[in-house]
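Next, two complexes with chain A in common: one pairs it with chain B, the other with chain C.
Here is the complex of A and B:
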């Protein structure tokens, strides 16, 4: 193993850790993949069989899957701000990498990637022989063009906020026709994950002029036939897709995909799925609790759960009274009766959480004991903080998130013995988003991210000028925490990282600004005839291998 | 009669103007942020500003109303100094071009500091590009500006030499520094009174393309319900009203009452549960493809049934009440005393007068059926006009709302006119002058 030329030196290190039993096999695959070793090769290294698809005889070709979703206005893919349109267009255009349901990232349009030892130079080797659906060859020019689009201020992509911190437009270099080199300003391990961020679709540099619908040229398995906003979208199979199926012929197995916009109400979609008029409901933004409740025991439907790092975060603004006092924050955190909250607010469909923003699905998660519900201690803390007669606080809640509202109701009840008078301020969800960073106490939904460092960098640090970063909704920043996080950002060794994370988690629990009572499951809900469809923690539809059985 | 109709028509125009102003003002006053509704909660202030500018939403309300009503191209003509023309491409996209003196269509884009014109001769479809820096006009302070049509249907004022520096990526050349860029946008439209209700802010598609499909869907749904309900409801109402207090009267009145008091969302859900989930006779939701709504007539069954039940009870009770009143009136008694045959009394004398009230209600209900059946549409996921209006209102999509409101005004005034004309046939004493 040692001395192999093309393998990143850290992989050897990881392999040693694996053999010492300090790293699980799953983590080894994840980190080896992160450093450019294909998952198949990593599996071979540790002697795991690489899961093979079904034999060709079982798979039926043909058929059209019908999905209820919202068909939104789309122009520039880099500007996407909702997942639903990407689930339609990701079947047409593709990404350089892909993060699977186990949060392992693989090369996709890339053959592989190589990171330098200091994690500041990333070489992206492109897969050769891929053609766009208009016949153009996929080359480094397309990647070069697309990344420049992400980093262009005028385009206004959310990727800029993510990659802009470590990559300048002049840090992108086209090394040859099928190779791009990224020269980063500072070490970063999440580059492959960022390349799979949902607006990061690779565009055809020859034809793209700002509106993808006018020139829908991607490398994906389907072509765009109809796109009528707020009505429907129709995709047709292309015959020369670069991936081959189990039968040796090009993917995809299905003849097409149809997407219907049935409005925002869940009940017609559930009724349509029950009747078999549609095969799937896209739950990426709406959340699946209503559909899960209605369909979990229904015969004709498969409900596939997946654990995520998605959470309802009770956040306290540390620059506003009374939350500037850590004792008050800790008091409210101790008022969460977590089993009860998970059971009543989310039907027990998830994992209990600690009050730090790192989930068990994250590789660097450091196991900690779940805190008990302790109103006596909370009362004591409130008294010490100068509120012996209790405290009246307003909790801002978006009313369309039913689980958030139930969370608030339970908290109100359970915090009363400690002396908190929690006044629930429900408001339309859109109104909550208007002022989510401004309210002193509120519950904000946070989406899943594959690495533990990603959310912490987004929400719990200051920027270079010492101001809270854009999504730091609690204005909380801690010098020790920031230093450790910076260290973690450049540490690839999972064991070392976990050690750092043990400290990070402890700090966020002891003096942090948030309470998280549970991690939510997500679901993929499809009819019986849909085969080989995988649920994904962020609700992405990765449907290349999916096929439809008879009937 | 002709005079009456002309007067009604003028009244219609005035109503439409007033309603459009009212809708505009209400939307203006309501809270909410269009940019966030469309682009999501996490947009940066710069993105928001750019979105509002490109949509023309940064202009004062009265300017936006005028643009909506009479269009903006006439104003933009002067700025560009060329005639502007709207064309529809083969793929169905609407594009605006400036017309050069030789008849070619031109648009502009900025690459670095260079102004590039894209020209298309009508004879050959292929567009040619050439540098067009001659169009820059220098201002006193040394900066230059230029008004032109961009590739996204705006008239844009580009500036260069200004203080703001931006980097633009030019295909084939790389990054080029430019000083300035677009500073002012006028979104191009023809205006409502010239037949262009504009582009929906929510979907980015021309409103006219969506709204007529939606209107057709609603007309189909409401039309079927209407055709089914009216004869049945009128007939049953008359039967019930003929003998007040009889067994059939009690049965029909109570039955009608039950159906008309259960709200339509409840009826709809019960019907879905019984007919679609339990018995599985018909689908409980509407999923329409290309040839909606005829593609799957079975999907129309439950929405139509829900509407029918509600309407049936209502019209039945109105007709019954009217019939009861007429049957008690002295002229019916006189007719009976004269010894006229019973059926002759009913059809020749009673029914015509008894129908006045139901006709008024029915005509008012046509309007309700078109826009007000939003609940039925939402319950069944039916893509109708009511749902379109609801979605537009949620997004503060002013163009969609205005177009929908205008259609409803047209229908309200139109059906009232029809009702007035029907009155003259029912009661010859009514004359309009």
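Here is the complex of A and C:
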């Protein structure tokens, strides 16, 4: 292994750690994949059999899957701000990488990637022989064009907020027809994960003019036939897709996919699924508790759970009274009866959390004991902070997130013995999003991200000028925390990273600005006839291998 | 005064000879007006339903061992049992206790803030305030006529042109969720209808002789409007108000259902339905069923009462 020039030197170190037992197999595959080794090769290195696809005889070709979702107005894929339209269009256009359900990122439209030792130069080697559905060949020009679009301020993509911090438009270099080199301003390990961010679809540079629906030319397994906002979208199978199925013929197995906009209400979708009129409900942003409750024991329906780093974050603005006093923040955190909250607000479908924004599904997670519900100590802390007679606080909640409202109601009840009078301020969810960074106390939903560093960099640091970054909704920044996080951003050794994360988690628990009582499960809900569909923590529909059985 | 009261007697109870009126106290007369309820079966059924809810609302603390906010996290969403006669909601709160405390907010108390409340339910206050504002506007428009009438009525027509539910949503989204704001929203939404009704009654009554007489006496316009005209218009206004309490309860339910009513954890019927709805398909319909039944019975009760009253009071006209 050590002689191989194509393998990143860190992989050798990782392999040594694996053999010493300091790294689990899953972590090894994850980190080796991060550094450009394919997951299959990494599996071979550790002698783990790569999960084999089903034999061709079992798989039935044909059929059309019907999905209930919301068919939203879309134009420029880089501007996507909801997952649902990407679940339709990701079957048409594709990404350079893909992060699987275990949070391992693999090359996809890339053959592989190579990172320099200092993690500042990333070479992306593109897969050859891939064609867009209009016949154009997929080359470095397309990738060059697409990344330029992401970093273009006029496009206004959310990727700019992520990649803009370490990559300038002039840092993209087209090294040859199938190679792109990224020259970063600072070390970054999450480049492959960012390439799978949902707006990061690769566009055809010859035909794309700002509206994907007008020129739906992607490399994906389906072509776009109909896209009618608020009505439906119809996709048809293409015959020359680059991936082959188990039977040696090109994927996909299904003849097409149909997406129906069934409005915002969950009950008609549940009824339609029960009646077999649709095969799947897209739960990417709607939240699946209602569907889970109604369908978990229903015959003919498969409910597949998956653990995520998705959370309802009780966030306290540290620049506003009374939350500028850490004792008050700690007091409210101690008022969370976590077991009860998980049981009632989310029906026990998840894991207990510990008021830091790193989840057990993250590879660098450092295990900590879950804090007890302790109103006596909370009362004591409030007294020390100068509120011996208790404290009245307003908690802002989006009323359409029913689990958030339940969380608020439980907190109100359980914080009362400590002296908190929590007044619940419910408002329509759209109204909450208008002021989510402004309210002093509120509950904000945060979505799943595959790496532990990603959210911490988004929400708990200051920018170069010392101002809170755009999504730092609590205005909390801690010099020690920022220093350690920077260190973690450039540390590949999982043991070392975890050591840093143990400290990061401890700091965020001791003096941080948030309470997180539980990590949510997500579900994929499909009928029995849908085969080989995997749930994904972010609700992405990765359906290339999916097929439909009879009936 | 004289003419006014004789007018009441002719419209209310034509059988009584006029001279008797003078010797009877206010309460006796009130009771006579009230007793027409007993003449109508419809009104009696309505009265029974309404009195039931008023009774449980007033005596709520004596009718249940639980508070409406007490959570039992070991037993959420259970059906009716000996311990919980109507079952529990998604946080293990007793549904019967939430239902009757919810009736308090509708009919008996108006929570101004967390610790301060005033008597008279949210729906009642919503109707009373709308009644005061609408009556004043209607009297002024109808009595003065001319450009005052034109301006007031066109403005109110413009308000009526906006769909009611939309108007509620706009007002509540602008003001935020609280009981006081629900009252304000009901006032804004209810005023135009009441003003129109009162204006049409005023237009009729102001042509009567006793108004001419009062004018000749030199009474000031306010005296004529509120002392001469208003008492003679009260019959239809009372019936209308009764119906409006029903609409107000519906409106509270709708706002609560949309998450714009009285904020949680208050046992608001509308928000109880909204929250319980999530569990209907999961096999626990109770949390959504009971508050729906409560809203339905109370509104039907009020409508029957209003219908009965109208029938009886129209009979001799």
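In the analysis below, the second predicted complex is superposed on the first by the 551 of 551 C-alpha atoms of A that agree within 3 Å, B and C clash if a C-alpha of one lies under 4 Å from a C-alpha of the other, contacts with A are read in each partner's own complex, and residues count from 1 in each chain.
Just so we're on the same page, a contact is a pair of C-beta atoms (placed from the backbone, for glycine too) under 8 Å apart; a residue touches a chain by one contact, two chains touch by 3 or more.
Worth saying up front: this structure is predicted, and the values here are computed from it rather than measured.
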Chain touching more of chain A, residue-wise (chain B, chain C): B
Touched partner set for A:267, first chain B, second chain C, both or neither: both
Residues of chain A at both interfaces, chain B in one complex, chain C in the other: 267, 271, 431
Complex interface listing, chain B residues touching chain A: 31-33, 36-44, 46-47, 50, 91, 93, 151-152, 166-169, 171, 175, 181, 200, 202-205, 210, 213, 269, 272, 276-277, 280, 283-289, 299, 377-381, 383, 387-388, 391
Of chain A, residues touching chain C in the complex: 267, 270-271, 289-290, 293-294, 337, 340, 343-344, 392, 399-400, 402, 405-406, 408-410, 412-413, 421, 423-428, 431
List of chain C residues in touch with chain A within their complex: 69, 71, 73, 76, 90-92, 114, 173, 176-177, 259-260, 263-265, 275, 277-282
For the chain A and chain B complex, residues of the former touching the latter: 66, 68, 72-75, 79, 81-82, 145, 148-149, 152-154, 156, 158, 161, 169-170, 205, 209-211, 214, 228-232, 258, 260-265, 267-269, 271-272, 274-275, 277-278, 430-431, 433-434, 436, 470-471
